[in-house]
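I have a structure here, written as structure tokens, and I will follow up with some questions on it.
Each chain carries a letter (A, B and C) given by its place in the written order, and its residues are counted from 1.
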Amino acid sequence: MSESTVARSDLADPATRQALMAGVDATPGSAKPDSILVVDNIVRQFGGMTAVDVSHLEVQRGIITALIGPNGAGKTTFFNLITGFDKPSSAKTGAHWSFDGATLDKTSASSVAKAGMVRTFQLTKALSRMTVMDNMMLGAQGQAGENLLKCVFKPLWSGQERAIEEKAKELLQRFKLLEKKDDYAGSLSGGQRKLLEMARALMSDPKMIMLDEPMAGVNPALTQSLLGHIQSLRDDGTTVLFVEHDMHVVRHISDWVAVMAEGRLVAEGPADTVMSDTAVIDAYLGAHHDTDLGDDALLSDQAMVEIQQEVAAEEAEREEEA
Amino acid sequence: MDTIQAILNSMLREAISPQTAAVAIAAIGLNVHFGFTGLLNIGQSGFMLLGAYGFAISIGHGLPLIVGVLLGFAAALVFALVLGAPTLKLRGDYLAIVTISAAEIIRYVGRSALLTDFTGAAQGLQGVSYRTPFTNLSFFGDGDSTLSPFNIYDIAGGAVWVRLVGWIALAACIAGIVLLVKAGRARPTVARRASRDAGGRLTPAAGTESRADLGADARQVTAVSAPVRRTGIGVLVALSVFLLFFLMPTSYQDTGVSGWWVRFVAWLLVAVCLLVVYLLVRSPWGRLLRGIREDEDAIRSLGKNVFAIKMQALIIGGLFGALGGMLYVLPASVQPDSMGRSLTFFCYTALLLGGAATIFGPVLGAVIFYAARIMIKGVANAYIPDSIMNGQQTEQFSFIVVGVALMLIVIFRPQGILGNKRELRFNV
Amino acid sequence: MWRAPPPGPLDCRAAPAGCVEEVPLKSRPTVREIGGEGGALRGVAGAVVLLLLAPLMLLATAPPAGAVGTLCLPSATTACIAGTVRSDAGVVPNVKLTVTDPSGTAQEVVTGDDGRWNVQVSKEGAYKVALQEDTLPDNVAVSGANEVTVQAKFNATAPALIPVRTSTYVSSTSKVDELIQSSASGLRLGLLLALASIGLSLIYGTTGLSNFAHAEQVTLGGILGYFVVNVHGLNLWLGGLLVIVLCGFTGWFQDRVMWQPLRRRGLGLTQLMIVTIGLSLAMQYTFQYTVGARTVRVVQDNPTVRTIGPITLTNQSFVAMGISIVVIAAVGFALLRTRIGRATRAVSDNPALAAASGIDVDRVIRLVWTVAMALAGLSGLLYALVTNGIKWDSGLQILLLLFAAVTLGGLGTAFGALVGSLIIGLVVELSPVLGMPGDFKYATALLILILLLLVRPQGLLGRPERVG
């Protein structure tokens, strides 16, 4: 268990969260009671194609917000744009960010991270040829030893270095990676690397953490563990925004959902409302999203007959057209 | 036997020459660029040439020695800024092309007849025009000295058995060094097939090395502790150096144009540079460099200003290059044509041979590089008749070998002699 | 007639590295036909030749320039003043010059058979050097001032240049004519560069490798041409074909024996790049080992010059340009219209996707290497013919121009390489006419490259991918 003294925020209580979000309009781009991130007019064009065109989005502080949508909806591009890894085409014409009250003028990736908004990557960027410990130590911000002029004199930074090392060990302990601390990050399994990236992102005590498909390629057991970690992040007061495809995960932990399609924000709301919007369902979640397609019981005899009839009808249609 | 002795003698002389030290320092700079930060700088000779010009021109115009050195550094600093500003935001290939072009431009400018008054055009600057303040600093006096004064000829007049004993002792020392270095290779443990016991603690699988302390820092898996090992290596190195000079006494002037004084200063500077690099690399700044080499985007996402750090690395490596350039021209003359692209390639060969991203790699690589080249030349000259390979051709042959050696090193042993294999599968 | 370059800043004393007679055994001067045919001498073209053939002394132990067999050696107490009297027609022996020291004392000196003269002086300061015009042969005259002032310094040799010209030298060329001539030379250089750089760009596009040994492949074409045509006496056209085939074979061989296995092994691009650097070094010195450090020619007789309007170039230049255009057009057609050409472009664009579409990527890459090296060899052969000589280190200068061209046009696109090469060729040839000092011709091209990278890193025709 973490020994950090971060107070559990009020929003750790699900009832409080629900009450908070109940009053929010379930429309795309709606205002939130206490936004930590506000973005305006983010447009990204590639050649003639518009990949992202979000006119307004606000992210509520202290809760878990999910960003969903079909493949090609522009979620990762949008992510890259608001974390400074890509430059919007509208950069000079009205694109606007505001994080925690301050305007992010130059959204270079590093200034975004310094402002307190840290992200992880879909394809984990664990620094494989460095040790786990080194990875963690790099996560800490404001290190005196990273200054070229000071780094030569060890006494100027050794104290801070020790403190950072302690913190890193705590976080590694929390994510159950402590035994691996001297191994090369490249020797970790995929899931462990995801944990490492998350732990590393936490080294700087970010106000908001943005996770790009955290469950991608992760086995079910580790998924549970990751969910637990994400929830505890929220409980400690960090805002979480994550992109995800897995609807179960989304439904399970998100307090708010934003839906993107074809570069635009098309819906927002709590998980159930958004998902019961028929148009959203049919277009993006699939008509049988409620059905567990892994359930063999569905293949009852009657269902088989129905399927055969459907197939025959389609073939007849095709022959007619031919 | 005598030919072999002669070849060995010339190898030793070449190994301690100030030129070797200069290339060692330039390779140290290149190590900061390429080994630690992953910057593909193929214009190190440009930094060296600028350092040499800055130094020589200032002193030639009467400025004091220290000002000359500082101006050489300043030139390299400006060069780094000019090169880095546009290219450090781009892909590695672009930096390679720009640095190689910029180094050529420096050479063209230096060679140009327009600046003859300053740079001496293609003839360059004679050593004597800038060497005096340096030689004036010498406290070695004006004689000749032999290293070592107590040498093989003092024991039984240099009989064969003395030589044999000496060489065997030397071989033993070197073997000892190699063993100690290998033993101390820090091997961060890879996830082994470990099992969990009932209490959930990890136990090593049968047959794997036992860890010194389960769950704690398992870095040292050796029987010999680090300080003992390091003193052992130090002692053996000192003994080997003594034996080398014992077996092959070398004479030079004490000061002179290219005597012991310049060698002393050169190798002292090499030691200083090694110390500086060690301090830099083991610090958090050094850790940042390695992180940037790994994955810039990840480092950016952690809030670090990657561009500024790359620029700092470029400047530091460039300053080392400038110092190397100054040392390179001290015993000789500033000749733009002899400090061109081939010199950069020699620096790379020295670096990769010794081991990129290690502290001692560049120095070891430079020494072995120069000594080996002399050996090839010497052997070819002595044993291959002139009809097959004449004197000039042996020189060229030695360069061909350098080129092929560079290829082979990079293909088969990219970590060089001292490098860490896992750390060095470099992919840009 | 191929003309010797006029005495420029690269007079031997000022730039002994440009005068090959300097260091014995290292190189021999090329036999350039000297004759006064009508037509304006294009100083620019001559300077190109001189620069391209300037031996770059890369031997670390190169002694400082000095011993030419002249009597004057500067030391701590003496200075030298020296020069060569040379006209567009050649060196002028037996010309008297008067050297006057600051205090007014004069001494006389006569040029030797090689047109050279030198004096040793024991005082530093400003010396006047005056050429006695009545000692010049009848058809030679001073082309500017007959007197020049130089600063003598201890430990150095001060060059004194007094340009002379034959009377048939027509210097009143209009700027436009000069521009047209330079453009033609630029076009020629650009086409030759294009032949080589298309291959370089395609190799980059399909494998991601920046091939630093490419320029040595170009030199290989010239050197093989020397062996096949000059030494063994084969007919130029047949020999040329043989050279191209041999060079193509080296490309095929390289990929088969080295690049493909290394790719399969998963060697990183940086490592491969360093392998090409090593290869370039080994090839350069192999050339020097076999041929020596001198400039060698493919065709022993001297080329005839043809004048079309304001443009004067050798016949070989015109033919070379014609061949280049035809070959480039053929390559372009192949890339656009044939299946294998489209496959090549697909691989260049996205190897993984191309492989997934069923294209045999390895086969395409093998073909690219073969064709690229064949083109490079052709380029080298034509280069050797056009500049009337090739040397072991000709590649050094070409390499940077090639990279500049490819980067300018856009790394990875063949058409970009063509456009970039033409631009670089024109820049190199036109910059002296437009005012850049002759020494800096190549520097200009490189400078343009660096500036372009600031503004448009993907080059002119490259795709604006994220290069950062």
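We take it that a contact is a pair of C-beta atoms (placed from the backbone, for glycine too) under 8 Å apart; a residue touches a chain by one contact, two chains touch by 3 or more.
On a predicted model such as this, the values are computed, not experimentally measured, just so you know.
Under the stated contact rule, the graph of chain-to-chain touches is a line, running from one end chain to the other without closing. Set against the C-alpha centre of subunit B, every other chain centre is closer than that of A. Chain-level centrality, scored on Cα centres against the all-protein Cα centre, points to B.
Between subunit A and subunit B, the centres computed from C-alpha atoms are 46 Å apart.
Taking each chain's centre as the mean of its C-alpha atoms, subunit B lies 33 Å from subunit C.
Rounded to whole angstrom, the centroid-to-centroid distance between subunit A and subunit C, based on C-alpha atoms, equals 57 Å. The set of subunit B residues that touch two or more partner chains comprises 425. Subunit A contributes residues 83-85, 108-111, 113-114, 118-121, 125-131, 134, 137-139, 141, 143, 145-148, 151-152, 154, 157, 161, 178-180, 182-184, 186-188, 200-201, 203-204 to its touches with subunit B in the complex.
The residues of subunit B lying in touch with subunit A in their complex are 188-191, 202, 215, 217-219, 276, 279-280, 283-288, 290-291, 294-295, 297-306, 309, 312, 316, 422-423, 425.
If you check the complex, the residues on subunit B that touch subunit C are 19, 38, 40, 42, 86-87, 89-94, 96-98, 100-102, 104-105, 108-109, 111-114, 116-117, 120-124, 126, 128-129, 333, 335, 337-338, 340-343, 345, 348-349, 352, 392-393, 395-397, 399-400, 402-407, 410-411, 414, 425-428. Those residues of subunit C lying in contact with subunit B across their complex are 9-10, 14-18, 25, 56-62, 64-65, 76, 151, 155-157, 159, 210, 262, 267-271, 273-275, 277-286, 288-289, 292-293, 396, 400, 403-404, 407, 411, 437, 439-440, 442-443, 446-447, 449-450, 453-454, 457, 467-468.
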